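Naming follows writing order (A, B, C, D, E, F, G, H, I, J, K and L), and every chain is counted from residue 1.
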Amino acid sequence: MKVLVLHGPNLNLLGQREPERYGTTTLADIDDRLTSRASERGASVECRQSNHEGELIDLIQAARGAFDGLLINPAAYTHTSVGIRDALLAAGVPAVEVHLTNVYAREPFRHTSYLADVVVGRVMGFGASSYLLGLDGLLDLLHTAPGAP
Amino acid sequence: MKVLVLHGPNLNLLGQREPERYGTTTLADIDDRLTSRASERGASVECRQSNHEGELIDLIQAARGAFDGLLINPAAYTHTSVGIRDALLAAGVPAVEVHLTNVYAREPFRHTSYLADVVVGRVMGFGASSYLLGLDGLLDLLHTAPGAP
Amino acid sequence: MKVLVLHGPNLNLLGQREPERYGTTTLADIDDRLTSRASERGASVECRQSNHEGELIDLIQAARGAFDGLLINPAAYTHTSVGIRDALLAAGVPAVEVHLTNVYAREPFRHTSYLADVVVGRVMGFGASSYLLGLDGLLDLLHTAPGAP
Amino acid sequence: MKVLVLHGPNLNLLGQREPERYGTTTLADIDDRLTSRASERGASVECRQSNHEGELIDLIQAARGAFDGLLINPAAYTHTSVGIRDALLAAGVPAVEVHLTNVYAREPFRHTSYLADVVVGRVMGFGASSYLLGLDGLLDLLHTAPGAP
Amino acid sequence: MKVLVLHGPNLNLLGQREPERYGTTTLADIDDRLTSRASERGASVECRQSNHEGELIDLIQAARGAFDGLLINPAAYTHTSVGIRDALLAAGVPAVEVHLTNVYAREPFRHTSYLADVVVGRVMGFGASSYLLGLDGLLDLLHTAPGAP
Amino acid sequence: MKVLVLHGPNLNLLGQREPERYGTTTLADIDDRLTSRASERGASVECRQSNHEGELIDLIQAARGAFDGLLINPAAYTHTSVGIRDALLAAGVPAVEVHLTNVYAREPFRHTSYLADVVVGRVMGFGASSYLLGLDGLLDLLHTAPGAP
Amino acid sequence: MKVLVLHGPNLNLLGQREPERYGTTTLADIDDRLTSRASERGASVECRQSNHEGELIDLIQAARGAFDGLLINPAAYTHTSVGIRDALLAAGVPAVEVHLTNVYAREPFRHTSYLADVVVGRVMGFGASSYLLGLDGLLDLLHTAPGAP
Amino acid sequence: MKVLVLHGPNLNLLGQREPERYGTTTLADIDDRLTSRASERGASVECRQSNHEGELIDLIQAARGAFDGLLINPAAYTHTSVGIRDALLAAGVPAVEVHLTNVYAREPFRHTSYLADVVVGRVMGFGASSYLLGLDGLLDLLHTAPGAP
Amino acid sequence: MKVLVLHGPNLNLLGQREPERYGTTTLADIDDRLTSRASERGASVECRQSNHEGELIDLIQAARGAFDGLLINPAAYTHTSVGIRDALLAAGVPAVEVHLTNVYAREPFRHTSYLADVVVGRVMGFGASSYLLGLDGLLDLLHTAPGAP
Amino acid sequence: MKVLVLHGPNLNLLGQREPERYGTTTLADIDDRLTSRASERGASVECRQSNHEGELIDLIQAARGAFDGLLINPAAYTHTSVGIRDALLAAGVPAVEVHLTNVYAREPFRHTSYLADVVVGRVMGFGASSYLLGLDGLLDLLHTAPGAP
Amino acid sequence: MKVLVLHGPNLNLLGQREPERYGTTTLADIDDRLTSRASERGASVECRQSNHEGELIDLIQAARGAFDGLLINPAAYTHTSVGIRDALLAAGVPAVEVHLTNVYAREPFRHTSYLADVVVGRVMGFGASSYLLGLDGLLDLLHTAPGAP
Amino acid sequence: MKVLVLHGPNLNLLGQREPERYGTTTLADIDDRLTSRASERGASVECRQSNHEGELIDLIQAARGAFDGLLINPAAYTHTSVGIRDALLAAGVPAVEVHLTNVYAREPFRHTSYLADVVVGRVMGFGASSYLLGLDGLLDLLHTAPGAP
């Protein structure tokens, strides 16, 4: 089982940006924890971050055939990118959407999403744990329904 | 760590109701798996189901002081109960909301929620695993921030 | 053919409540007429009333396997109960929705319904006759399409 | 008791058009069944179909003084004709609106109606039976309240 | 100065239809008064009524080159006909819209209009006088700005 | 018959302000023409202009018992003043609303009105003639229905 | 004069729940103050609390004929219960709605109400005093218009 | 304790205007009753009425430092004045909003308010008693929380 | 391959009506060009125009079995006719919708359509060429997918 | 170059009102700074404040011909005054709108404006500097395009 | 005549992505067919694809002066890019928008477009033929109105 | 004081693009004027332009710690980029938003902004002067409140 982990815009600042909201854990910390957890479950992860919508689309397209699942924190593009939605549909790889914070306790525009109905599951509000729970959920789904996300 | 698990209306039919959507796992199966997982992490759960909004409010109120956290699948009341919202606020116990299916891939009225902004985290779309991931996330939060949900 | 007849909140006051709108027929009168009509057509009815949303959900769940059809006047819960909608879906028993008055000639909030698209038919505006017409329509449907509502 | 039955646009194709949705019963079949049912109850019906909004308005206007009641399946004009609404108000003949299918289980624009609040009752979802139930309901109303629809 | 007067659907019933709202004046009375008033001002009118949208479109098209102005009570088609709007634009004859009643004191759907912004003036609420005032206003406009409505 | 004529804000600039839209007729010209027309019909007018909402309210209140009718061009306050609406209701004097231009061919916010449903009639789009037509309509109404606007 | 006082969901926690918002006064304190005030004015109160919508409906129905007025803090059900609205209409007992806090200074969904237009008066924002003022207002109304709320 | 009582537009007509809605009590009567009640509680009131938004703003500004509380029936300006809202915020004097009638049982535009969330409490629907209850509530608040509205 | 070409209301004026918007090409010119193009591709067209919604419905119904495809410029009825939509569904003949102008660069109500989702393709903005491109596209579709539009 | 500076309602309290939001600078200070800045650039200002909408309209009207430009902080009237909009249009003097605070970081109703599209420029969020920047911008515009605002 | 053909995000996957919706034709096939068709008409095309919004903006800007027309399938950016809209306006090259599928038969968010009103024509629903028809339409327009799109 | 100046998409065409709207000043001209003005006030600017959302995000992130303030004309991304909003929040550098034109006098979608409530000030409508005024305002703010934007 190979999983592609994608971090959307501004997540490269994690640990520095608004620490009272996002904590001091860095993106490297999260990637390390994901790598360990995947390994414990006999899987592997590859982690990428980008601030560019087009680059994220390129990465998702390339996941087709190369990965069994996709774990994505689309950040700001959750709310504005039909292109990432279409890439997810085109890639045909089951995806799980995660957020560090509970987006429903924030500004109203963060309640809308172009991706929510094309991912298989969503996890939010648990800080860095959101990623780990999302990875666990994705692997569970891949094991119970390997052929059909 | 003691966690109260609440199942909302119609979840007592799980395993019989629309199996093509919800699978054949029963609520008792889920409760067993939650009990095991809690025990592995040195915690315990108590599980209750009700079709009555008022009864769920009573149960949430009673959680105050008796439980460290709350894991709730509010089902239909997600979309219509301000009373459960107020009870969660009044109880002051950190709560995690879970759903078997991805509600954003269903009817539009299931996209609205009176609870989403007063819970600490949300997990959905992983079938019975949603509960286990939600429990893990809740316990993670209780350990890192024991004093403040 | 066995039909469960459900009367929602405040219908127990029929004949007393706003008689200029609802007439002086009582709920017992209606139940008597439904019993006779069912008997004429070789069917039977069981009639229940409740002001409690949860109780109505319990009754609908119990109809699964015990009744061939369901005749329901959901009254106020028409407009606010996703729980009754989910119970109807879970029970899998064909249901017909009836109203004494024409709800579209009343307040705008009575024009919305959580049930309208999950029932097989709707009858409204004929006073007590709405129930009898609804029963006839339900029995017609059960005879022509016994296997599929 | 004389009742005018009006069939709106495209109903002339009944039995041919989308049979998986509307069945194989033709409009002539329905008219025959309405004639028999009316006769059983000591009443009579006259049946007309038109694809033209203006023609339907002409027919409704002519019903004033000539008929005791009106049974109408306005089809597409349900959602777009204020002219038919005004004709119903002007004719002052009590009218019942019927639909073969449950319009609330179809496209959203079929949920709106210019007629719903000016008819005395509505029946929908029972296929050809919708007409018969509507006729019964109309005759019931005419007998209990002969002077005032 | 030649003016075409167009009466929309259901106005043929004037004097009979809802007399408490529309009074007992008939359409023939109105046409007579318009003929007299036009004659006093050295103009002439031709009056037509139709319940058919298509017929009204035909009549408006034919006004091009044959009439100097158009006085129209579009009745129900005010709110639903883009075709009449387009015909008015295509005919290029200055038009005045009149209503017997004040449509803004009636149902909300009567407040919207597909014609209001393509006519030169509107008069409403004065019963039969609305037509006479509309004719006066139209003739005033034609005299002061003969070349450009 | 005594009629109070009220001109709302910015109408004092008539003849200077945006002449390509409003023409070169001044408010004094309009008042002169209204005085003549009233006199021809055996009535009289008193004309007042104010830019102040409160002053217009004072004037309308004072019309109670002192005038038989009210002719008002509320200008900008059409769209923003509930106070003038309430004053019209309190004064109980039948009012006609006039506008120089067709407000429905202008900005969308000019399509809404707090007054439209409490006046007896509306005239718009005829330039200065709008006032004269409005006066005629008001006097017609006062003569046919002297006791009840 | 007998008044039924109804406290809606979560009010049983008063004094414990969010004390920074609701103060430390308990529901028993409020009931005591209402009893004294009623007694001073020669009236009596009976006080009930429930978290169950159906139970509140039952209680309101039973007030018919047994009480002269109703003082209700519907709490969360203010915003979601058509059933309580219908019960108030059916009972025909004049009701006053009270809230401890000013609901218009809170979340937008608390600004909507199914009850506001069927009660005779509303009092909010004065903490426990809201109940006493509401009782005073209700008694004032019952004395001035004993026969018609 | 000194309280400024402000009456908004058209309230000067109280007793004459729409007596079937507002009764025959005059504003002077209300002011007398407020004076007595204040005196009973060891407080005093000063009462002012104006139809002018700007004047009401001037009066509210002048209350700063001169009065302990403000009792205001903003009437029509409730729905249209941001200026009065800003004046209340600027004055920093705790204010209570009162209405003679239940505005939620009237036109929809009366349900919106620019003031509701900046006053401490609201009382409506009790006729002249609304003022007295509002004064009582305001004095209660001033006594329990003298330093902070 | 036989194609029915339908021109909706006001298109009979083409070449005369608003030439600055629609050019000087007449409908006869367009029909000639369509006839030639069809003939070049071994197909034939029959061209009809009507201002009457009912007549267009009649024509579409008659296309069933008589034509292989339908090319329609519904003009004003695009935005107001559910009847034409239903006729297209009932006829079951693949249809292409064309417009002379780009409707999205015009009034907002021209952006909505009752037909857009039931036609197979749309072409707009190319003047008379829109028809020829639409015919080409329709013939392409009929050749590649002869059995299923 | 002569510029009229207008301060809207409640700005007379500047320096006292909500100092944590608006600072301690008074209106007199601002007027002094504007006078100096204008003088440095060879221009002059006249400064006026009013809480009255009508008075502001009077002042704007009087600016026609007397001033070259207008600098206005309409405060609360930004959101509610069509009258001031119309006065700006009527006066035909180029206007710049300024606000002390960034209105888009405040309540939603402050995001709407009746003036934004009729002024030439807007400056907000810089406290007292907003006025000075607005004056500079206005003078820049007057110099580059003296004849056309 | 030189035409720039732009393919938006995810179109590089054509032929692989959701073949049941988009068929098996690849982008290279489409480019070949466009090249041939252009050549038949004495024109030429240059074809580019990008998943990056910024890159598409760069390409459109560069078309200014280098190409006579633009054929664009903006795909997902149709619904989210104001930047591409502005680039089209800035480039001043007439553009035609094409889509493989009929976007109006898909999700609601695909019905909105930031480009629809700034292109000269739109073609959709014909699969790969949409491009060829769009090219034909563009060349027709360029020939008839070479100077002004 | 170091200020980063960011120009969004299509601004590189300034001076060429739609000169009737944007003038003939080029971006280089603006950058020169900003450099001079900054230097006069003892500050410096660095100016960058990009058509790529991701690149603008990268630049804003890099401003953290490197610049004291940010002057940004986000152009099209004003209305569509949550990513730039998040970058501004993450960078924590006070930002001023400028526009050449008054966006409120243009298309409605230009009235919405994802940035307006996270910048400290906004300046628009003054052409190239908007930038200079924005720089002045930013420097004023930085001097008066050096530690807290």
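Definition applied: contacts are C-beta pairs under 8 Å (C-beta built on N, C-alpha and C of every residue); 3 or more make two chains touch, one makes a residue touch a chain.
In this text, all values refer to a predicted model and were calculated from it rather than measured experimentally.
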Over-half contact-pair match to K-L, picked out of the listed pairs J-L, E-F or A-L: A-L
Pair joined by the larger number of C-beta contacts - E-F, F-J: E-F
Inter-centroid spacing, chain H versus chain G (mean Cα positions, whole Å): 23
Chain centre separation (chain C, chain H; CA means) in Å: 49
Distance from chain F to chain B - Cα centre to Cα centre, in angstrom: 63
Interchain centroid distance [CA atoms averaged], chain C/chain K, Å: 55
Set of chain K residues in contact with two or more other chains: 52-55, 80
Footprint of chain I on chain D - complex, ascending: 8-10, 12-13, 16-18, 50-55, 75-77, 79-80, 109-110
Residues of chain C touching chain D in the complex: 96, 102, 104-105, 113, 116-127, 129-130, 133, 136-137, 140-141, 144
Chain G-touching residues of chain B, taken from the complex the two chains share: 52-55, 57-58, 61, 64, 80-83, 85-87, 89-90, 92, 114
